[in-house]
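Okay, so chain A shows up in both of these, paired with chain B first and chain C after.
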Partner chain A sequence: MPELRRYWPIAAAAVLFRLALVLFPGDLNLGSRPEVATPLSSLRRLAEGYWLKQSSLSPYAGSMYHGSPLLLPILGPLIANRIEGRPMYFYCSFLFVIVDFISAILIRATGQKLFISNQQNNKSLKLPGKINLVSNLAKENAGDVASLIYLWNPLTIVTCLGSCTTPIDNLMVILTIYGACSGVAPLAAFGYVMATHLSLYPAILIIPVILLLGHGPDAPPSKLFKRTIRPFSWKPIIYFVVWALIWTFHVLLLCSISLKGVGGLHEMFRKTYGFTLKVEDLSPNIGVLWYFFAEVFEFFRDFFLIVFHVNILFMLLPLAIRLKHRPCFLAFVYVAIVAMLKSYPSVGDSALYLGLLGLFASELADMQFSFFLFFGYIGVTLLSPVMHNLWIWRGTGNSNFYFATGLAYACLQTVLVVESVSSMLKHDRMLKRLVSA
Partner chain B sequence: MMASHTFLSLLLFYLYTLHLVRPIHCSVGSNGFDTTSIPKEEFSEELLLKPLPDHKVLAHFHFTSTSPPSSSNGKHHHLFPKSIAQLVKKYKIRELELSFTQGRWNYDRWGASDPLSTANAKPPGVELWALFDIPTKEEIDATWRNLTHSLSGLFCASINFLESSTSHSTPLWGFLPNDGDLRYGALPREAVCTENLTPWLKLLPCRDKAGIASLLDRPSIYRGHYHSQRLKLRSDRLNGIVIEQTLSVVLQPSDRTSWSLHQLFKKSLTGKCALAKSSKVFLEIEGNLGSQNENILELVGDADMVTNDQHDHSTIYQYNVERYSEHEALDIRVNWKNPLQVSFPQAPLHASRFLMGSGNERGSIAISLQSARNTTKGLYDGSNNCFTRVVIFQVVPWYVKVYYHTLRIYVDGEIRDTKDVVEKINVTPSEDKVSPGTLEMMLRFPCRTISAALTLDFDKGFLHIDEYPPDANQGFDIPSALVSFPDFISRRIYPDSIRSPLLQSYKGRNVVKSYTEVLLVPLTTPDFSMPYNVITFTCTVLALYFGSMVNVLRRRVGEEERLAKSKDKRRPGLIPLLISKISNKVRGIKEDSANQSQSSQPILGPKVVFKVVLIALIAVLGHYFLNAN
Partner chain C sequence: MASEKSWSRNPMGLQLHRILSVFFSLSIVLPLSSPSPTMHNNNWAVLVCTSRFWFNYRHMANTLSLYRTVKRLGIPDERIILMLADDMACNARNNYPAQVFNNENHQLNLYGDNVEVDYRGYQVTVENFLRVLTGRHEASVPRSKRLLSDEGSHILLYMTGHGGNEFLKFQDTEELQSHDLADAVKQMKEKNRFKELLIMVDTCQAATLFSQLQSPGVVAIGSSMKGENSYSHHLDPDVGVSVVDRFTFYTLAFFERLDMYSNASLNSLFTSYDPTLLMSTAYYRMDLYERPLNTVPVTNFFGSVMKTIPTDSAYPGFLVARASEYTTTSAETETARAVLEDEADHSKTHTQSEKGLQHILDEWLKLLEGKFGEKDPDMLVAYGLGSMVLLAISTWLSS
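For the complex of A and B:
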C-alpha cells in the first residue's frame, strides 16, 4: 500500500506542537472565544455543571450546562484538579490531544479502506491505466493526506486547546464513519449513538451509515459495472440496528443513573436537545442564527426555527439519491451541512469536515473555486476575531460587522459544499465517459 | 345586627365630627360601650431626629396603626387603612415590607449596627418581600403576582414588574429564615417621588393635614441625601394587623452649627393628629453625653423627658406634641458648641460590592468586607477559636450568568479554600428568561480578619431586541446584595416609662445587616434598526445554499453534453436566439427539431406575425373600451 513518505514524523510533529501549546505557560484563553467554545461544548459550563452536581443539585439547574451527563464524571475531576501556574483545563487539554490523535488515526484508516475499495473498483472497471490520466493523486493514499490535514488544520488545533468538548464529538462522528466503512456494525453503532447523544445533529448520519454497511465503501455509480459486484446486504444493517438499540439503552441507563433524583432523563432531553433546537442562547458565534433570533420578531420565531431545521433535513434525501454510491462522501456532505446550519456552530465543526474533505482529494482534484475558498477561509478566520473584538471589547464596532463575517463564512461553506458535490458528480460522469470510451 | 351597625357608624360619625370641630383627646366608646373587652384600633405618630456626624440630620417619621384581630366592626375600620386590611385578608399575608428608597445609606458615617439603621437602611429603588400564610408553592407564586399588581396600583409604582419569575426569588435563610413561603423582589432602578408618597400618606388617618406628618414639606424632604419610605405590616391571630409606616430622610441643614425643626422642614409643628393615641418627637444624640452636654450642644426648647438607654449608648430627649398648638408651635433647635466626636456604631465588617473586568463579554462580581475599626468581638467555638459569621444574600438577574464554581474567597489577601470558609451555601442558579440566580452563603471568618473578599465570574447574556429597555446603552442594574451578621444583634433598650412604638421596636432582636451598592452592568446591544436586514440577509444565504444545491443535484449528464455541443456551433446572437425560442414555444415544436429546422425556416413566419398583430389589436381594443367606460 503506498504511504505518504514521512507520515509519522509529520503526525508526531503535530502532536508535539499541540503539547507545546498545552504546556505554554500563559493562558491562551481560547476557551472564552465564541468561535471555539459554544454554550453546548464549553468546558467552563461543564465545570459549572460538575460543581452543581457535586453540590447535589441537578447539573442542568439553571441554564449553564447543556452537555451530556456522561461527560461530567469523566471530565469533571480533570477540571476540578488544578495546578497553580497552569491553564485552567490542563489535564483536559492533554486528553483532547490524545482524542485528536485518535481521530486522525481513524481518518487515516478510513482513507485506507476507501483506497483499497477504490483500487478494486478501478480494477473491475479496467480503469487503472486511464485513471492516471485524470489525476496523479490517485496513487497516493488520501487517508494520509486527510489525517495530516486534520492534524495540522489550525482550526483543529484551536479547538483542541480551546477547552471545549468538540474534539470528543468529532471523534464520535469519525468513529461512526470508520466503523461503517470497515463494516464493524457494533463500532459504528457505538459511534453513532454517542455522537447523537452528544450533539443530536449526527443523527442524520444514519443514511450514509446504512448505505456504507449495505453497499460497502465509496464506488463509482453501480450502472457502470456490467454486473453488480456487491448486492445490497441487509444483514449488517440489522446488526447495526440491534447494536444501536443496545448502545442507546446503555447510554440512557447510565444517564438516568447519573441523574437519579436530580431531574431525570426528561430534564436532560429538555436541556440538551431542547436547548439545541430552540436556539435559546443568543450569544454570538460564527453562525448566523444567533443574530437572526436576536432580531427576528417574537411571533415569527417558531416559524423560522422550523424553517432552519427543516433546511438541514430537506437536502438529505436528494443528496442520498444522487450520491448513494458514495456513502462516505455523503457523510462528509451531511457533516458540512450540519456545521453550516446547526444552531451553535464552532470552528471545531469546520475542522471535522475539512479533515474529511481530504479523504476525497483525488476525486475532487479539479474542484472549482478552491483558491477563492482557501483564502476566503483565511480571511474570515482573521476578520471574525477582529470584528468581535471591535464590537464586544472596544465598543467601537457594531454587531453588524461581526454578523457580516458570519454571513461570509456561511456563504463560503455553501460554496464549498455545493462545489464539492458538483465536482464529485462530474467525477462520476468522467468515469462513465472513460468506461464507455 | 343591622341595628348595631347603624348605631356604631352613627356613633363614629358623631365622634369624627367632634374631632373636626374641636380637637380633643379621643377615646372611642366612652359612651356606654364596654371598651375593656374589645381592643381598639390605634394610631400613633412619632418623629425621631438624630444629628449625624457629618453635620447632617436624620429625620425618621414613624407611624403605627394597629387593627385588632376580632372583626368587631365588621368590614369597617375606624383608623386603620381599609385598603391594607383588604390586602392582608385577600392575600393571606403574614408579613410584608415595601420600601421606596432614593440614595444610599452611608453605613460608615451614619451608623450600621444601631436599631435605626439596621431596620431602616434600605437598598436603592423598591424592595418588597412578603411572607404568606399559604401552604403550596404554586399558590404562593400566584398570590405574589396578584399582590405585586395590587401594590403597584396602591402606590403608583412599577412594582408589577416584580410579577415575572425573572425578578423575584425565594430565599430560604439568607434574607430571613423561613419555610419557603417568603418571596423577595427588588427593582433597583425605580425612581421614587411624590407620586409614591401621596398614596402612602393616604394610609394615615390625618394624612399630612395635621400632626407630625404635616411637616412633610415635599421640596424639603426630597432635597435630602437619603430618602426612604417604608411600609411594614405584620398580621397574626393574636395581635391583629400592625402596620409601621416610616419615612427616613437625611437632610443637610443650611447652617453647620445650628439647626431647628422649622429650618429643616420649612414648616412648624402645631399640634398632634387628633386621632393619634400618642404623638411624640424625639431627639436622639449618639453617645452618652451625661454631664458634658452643656459643653457640646445647647438645646432650645425644653424636653419633657431626658433619658439614656440601658447601656448609655445614647441620650434621648422626648417632646410631647400634644402640649403644643398653633399659638405655641413646637420647635427644637440644636446649637452645636463643639463638633460631635462620637463615632457611630459600626457593623463588624463593612461591605461593598463592585465589578471587575472590562468588555461586554464577561466580568466578575466582587464583594469586599473590610473590618471596622472598633470591633474585634465574635463568637467562640468549642476549641476557643474566635470567629465571625457573615451571611451574604445576593440575587442576580438571569442575563448575568454567574459561574458559581468560580467562587474564590480571599482572607487578608490570601486565597482560601472555600470549604474552610463557607459554612453553609445555597445556590439557585439562574435560568435564562425564567428565574434569577440566588446565592445564599454563610461564611465564617476568624475574628482578626482585617479584610476579606469574594469574587464570582460571570458571562454577560445577550438579549432579544425586545427585551432591552428603551435606554439599552445605560446598562442593567444588579440589585443590592444583603450582608448580615447573624451573631450581632442591634438593640437598644430604653426605660419602659417611655411608651412609644418606635422605641419598642428598638428592643427587637434585629440582626445587624447592610446592603451593598447597586451594580450597573453594561450589556452589549445588537443593532436595533436591523431586523429586516438581518432576516433578508440570512434568508438570502439560506436560499443561496438551497438553490445552488438543488441546481447541482438536478443537473443531468445529457444536458451538459448538449450544452457542450451547442457551444461548439456558431452561436446566433442573443436576440435571434430568444425570438427563436419564443417562436418555438408558441408553435409547440420541440427544441431539438427546431434546431434542425432552424436553417430551413425563417424565424418569423407569417403565422406568428399574424398572431402578434391579433393580440396587439385585442389589447388596444380592450384598452379603448375600458377607458371609454
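For the complex of A and C:
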C-alpha cells in the first residue's frame, strides 16, 4: 500500500522525461546505433518501405524493409510529415511514448493479477504467519516495481527514442502475457498473433500461454497442495485457439490486400520470416550471430543456421517441464533466451525482460551475482558504443573489440537466466520445506 | 460470469460460424485461364560493330546509322543494346572531332546527342556478345547491359565488321563462328527469349554466318554469299577513309523514305537490293520463318509500333519473373478495354503448393481480396487494423 501513492507521480515523471527528450532541440541520433535499431526494426527502413509502397512497388523491393506490411499505413504517414527544425521521427516518438506507457500499465496489471493469485495460493497452503506477512508486503508492490523498472530503465528510454519499432513488439508480448494471466483468451490470442506476426520469435510463447490459460497464474508446485485446486481446464485453450485462428486469418487477409499485385503473402513470408531465419544481413549488432556468419563457409551455412535456431528450441521443453507451475516466469525465461539468441537482437529486447524480471522481485530476492549483473549491464551499455566508434569511425579498433562487448552481453544474459531460474527453484524448495515442516 | 461470457461471445461465435460455412462452400478451385498464343509485345535491337581502328571507320558508321534509324522508327534506348569499339569520333586522326558521318556530304552527324553505347571499347568481345544473347550474366551486370527480352519480343540483330567463311572477326583478336551463333540462338529459343529474330549481317561472305541456324522464327539476310566480298560504298576525301558499306547504304536509303507508320514489308526490303549496285548478292534465308515475308511490316523489327491496351490492374513491379499471360477481348473499337489478369502470383502459388488445404486457402484469400481489394486497398487495410484493435479492446472490456 505505501508505494501506491508514489506510483503515479513517478510514472508520470518518466513519461514527462521522455517527452522532454523528444522535444529536445538537438538530434540524439539514436536510430543510427546498431544496438538500438536493427534491420528488422529500424524506422529509416520503414520509411523506405513506405515510399516504395506509395510508388506501387513491393515494400520489400531492394531489401531494405523487412517488417510487417501492416505497420506501413500506421507509421508511414507519421514519418512523411516533416516540420522544420525537428528530427525526422518526431511524431513517431509521441506514438512510442504512448505505447511504452501502455506497456507499463499492462505490466502493473499483470503484477496485480499475480499478487491476487499468490494470496489465494498462500491461503490454501496455510503457510506460517510470519512468512505470509513479509512476502505479502513485497508482492503487493511487485507490479508497481516492475512497471517503474520498465519505465525508468535507460535501455527502455533509449529504445523509445531510438526510432525503432521495438516498443510495439514489446507491447504485443506484454499484452499476450497479460491476456493469458487474466484469462481473457481473445486478448491473449490477439497479442500472440500480432507478436508472432511482427517478429517471428514470440511464437514460442505458445507454451506459457497455454499453461497460463489452463492452470492460471504462477503458483507453488502442485504437489504441495493437499488437494488439487488447479485442475487443467481445456476450455480457455480452445477459445484461445479459435480466436488465434480468427486473428491469424484477419491479419493474413489484411496483409494480402495490402500486398496485392506486388507479390502477395509468399513474398511477405520470404522477406520477413525468411530474412529473420536465414540471417541475410550481417551488419554488426549486439548479438552473437553476425560475427559467426560473416566467416562461415557457404557449404556449412545452412547447418549452422539450424544449429543456432535449434539452440533456442531445445531449451523450451526442459524449461517447460521444470517450470510448468510458474508459467508467467516461464514466459520471462523464454523472452530472455530469445533476446539473447535471436538473429537481430537489440537493447529493446533486454528492456522487455528486465521489466518482466521485476514482476518476480520477491521470489528472486536471493539471486546470486546481482551486483555483477547490474554493473555488467551498465558496463556493456557504456562500452559498446565506444568500441563501435573505435572500430568504425576512428579505425583504431577492429570488429573483435565490438564483438567482445557483444560476447560479454551474451554472457551476462546467460548468467541472469541461469541464476534467476535457480533462485526461483530455491524459492520453491523453501516453500516445500515450510509446508512440510 | 460464465453466462455473461457466453452471451458476449455469441455474436462472435455466430460470425465465426458464418465465416466457416462460407469458407467450406466456396472451396472451389478458380479456373486457370488457358494460355493463348503469345502476343508480340516489344521490339529489341542488338547492334554490334566488331571492328576497331581508324581504317574500319565505315563499320562504326554502319552501326551508328542503323542505330539512328531504329531510334527514329521508335525503339527506345532501353531496348537497344549497342556494342561499338567507339574509337572513331575522338580519334586523333579524325578531322572532324566528335563527329561521325556516313556520307561524304557530311549532312548527318551520327554521333550527335543521345547516343547510348552499352558495350564500348574492349568490352565488345565474343563472350559479352553471347552473354547478351543468352542472358547469362553475372549478378553485377546492370540492367542497361542486358537483353531483357521475353517470349513476345521481336529482336533485330545487326552485325558488321570483317568476316569470312562461317566466321566473324571480333576486334582483331577473336572470332565468332557460325555454330556459336546458332547455339546462342538455340539457347534463346529454349528460354523463350524471342518470338521472332531478324539477323542482318554486313561483312564479307556474310551468308555463311547464319548457315547453321535451325531455330524456328528466325529470318536472316547477309550482304554477300560464300566466296563473295562485300564492298564499301564510297571514300570520303576529307575524312580519308571509306565511310559506309554498300549493303548498309542501300538499307538506309530504303528506310529514309519510311516513317513510323509505313507498311513497307520485309519482302520489299529484301528485294530492293540490286546485285549490280551492291557488287555482291544479298542472300536471305526464310526457311525457318513461318509467315510469308510480304505480310511482315519492316517496323516489326526496325521500329516499335505497338497496340496499347489500357488496363485497370496495378503494375506488378519487380516481382514478375516471367511475362504474364494476358487474356484479351477482341479489341475492335478504340475504346474497348481488355481485362488483364495477372497470372504471376497465381502461377507461383500453383507451382509451389501442391497441398490441398494451402491451395484452397490461397484461392479463397485471392477471392476475398479480389472482392475487397477493388476499393482503395490502403483505406481497407486501415479500417481492418482499426477494427482489429477495437475488437481486441472490446473483448477485454467485456470479460
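Keep in mind that, in the parts below, the second predicted complex is superposed on the first by the 422 of 437 C-alpha atoms of A that agree within 3 Å, B and C clash if a C-alpha of one lies under 4 Å from a C-alpha of the other, contacts with A are read in each partner's own complex, and residues count from 1 in each chain.
We adopt the following convention: a residue touches a chain if its C-beta (ideal position, glycine included) is under 8 Å from a C-beta of that chain, and two chains touch if they have at least 3 such contacts.
Bear in mind the structure is a predicted one, so any value in this text is a computation, not a measurement.
S.K.: Sharing chain A, do chain B and chain C clash or fit in the superposition?
M.R.: clash
S.K.: Let me test your reading of the model: by the given contact rule, A:248 touches which partner, first (chain B), second (chain C), both or neither?
M.R.: In the superposition, A:248 contacts neither chain B nor chain C.
S.K.: Tell me the contact category for A:319 with respect to chain B and chain C: first, second, both or neither.
M.R.: first
S.K.: Considering only the touch criterion stated at the top, classify A:393 as touching first (chain B), second (chain C), both, or neither.
M.R.: Only chain B is touched by A:393; chain C is not.
S.K.: Between chain B and chain C, whom does A:368 touch in the aligned arrangement: first, second, both, or neither?
M.R.: neither
S.K.: For A:119, using the defined touch cut-off, is the partner it touches chain B, chain C, both, or neither? Pick first, second, both or neither.
M.R.: Touch partners of A:119: none, neither chain B nor chain C.
S.K.: Looking at A:57 after the superposition, I want to know if it touches chain B, chain C, both of them or none. Which is it: first, second, both, neither?
M.R.: In the superposition, A:57 contacts both chain B and chain C.
S.K.: In the superposed arrangement, which partner chain does A:422 touch: chain B (first), chain C (second), both, or neither?
M.R.: Only chain B; A:422 stays clear of chain C.
S.K.: Quick one: chain B or chain C, who's touching more of chain A?
M.R.: Per-residue touch count on chain A favours B.
S.K.: Contact-wise, after the overlay, does A:264 reach chain B, chain C, both or neither (first, second, both, neither)?
M.R.: After superposing on A, A:264 lies in contact with chain C but is clear of chain B.
S.K.: Mind checking 23-31, 77-85, 293-301 or 329-337? I need the stretch of chain C that runs into chain B in the superposition.
M.R.: 77-85
S.K.: For chain A, which residues belong to both interfaces, chain B and chain C?
M.R.: Touching chain B in the first complex and chain C in the second, residues 57, 61 of chain A appear in both lists.
S.K.: Under the definition above, what is the set of chain B residues touching chain A in their complex?
M.R.: Within the complex, chain B contacts chain A at residues 358-362, 398, 401, 403-405, 425, 427-434, 437, 459, 461-466, 524-527, 530-531, 533-535, 537-538, 541-542, 544-546, 548-550, 552-553, 555, 557, 560.
S.K.: In their complex, what parts of chain A are in touch with chain C?
M.R.: 56-58, 61, 69-70, 73-74, 179, 182-184, 186-187, 190, 242, 246-247, 249-254, 256-258, 260-267
S.K.: Which residues of chain C touch chain A once you look at their complex with the stated criterion?
M.R.: 12, 16, 19, 313-319, 342, 345, 348-349, 352, 362, 365-366, 368-369, 372-373, 377-378, 380-382, 384-385, 388, 391-392, 395-396, 399
S.K.: Can you list the chain A residues touching chain B in their complex?
M.R.: Residues in contact with chain B: 32, 44-45, 47-48, 50-52, 55, 57, 61-64, 280-284, 288-298, 307-308, 311, 314-315, 318-319, 322, 340-341, 391-393, 395, 398-400, 403, 407, 410-411, 414-415, 417-418, 421-422, 425, 429, 432.
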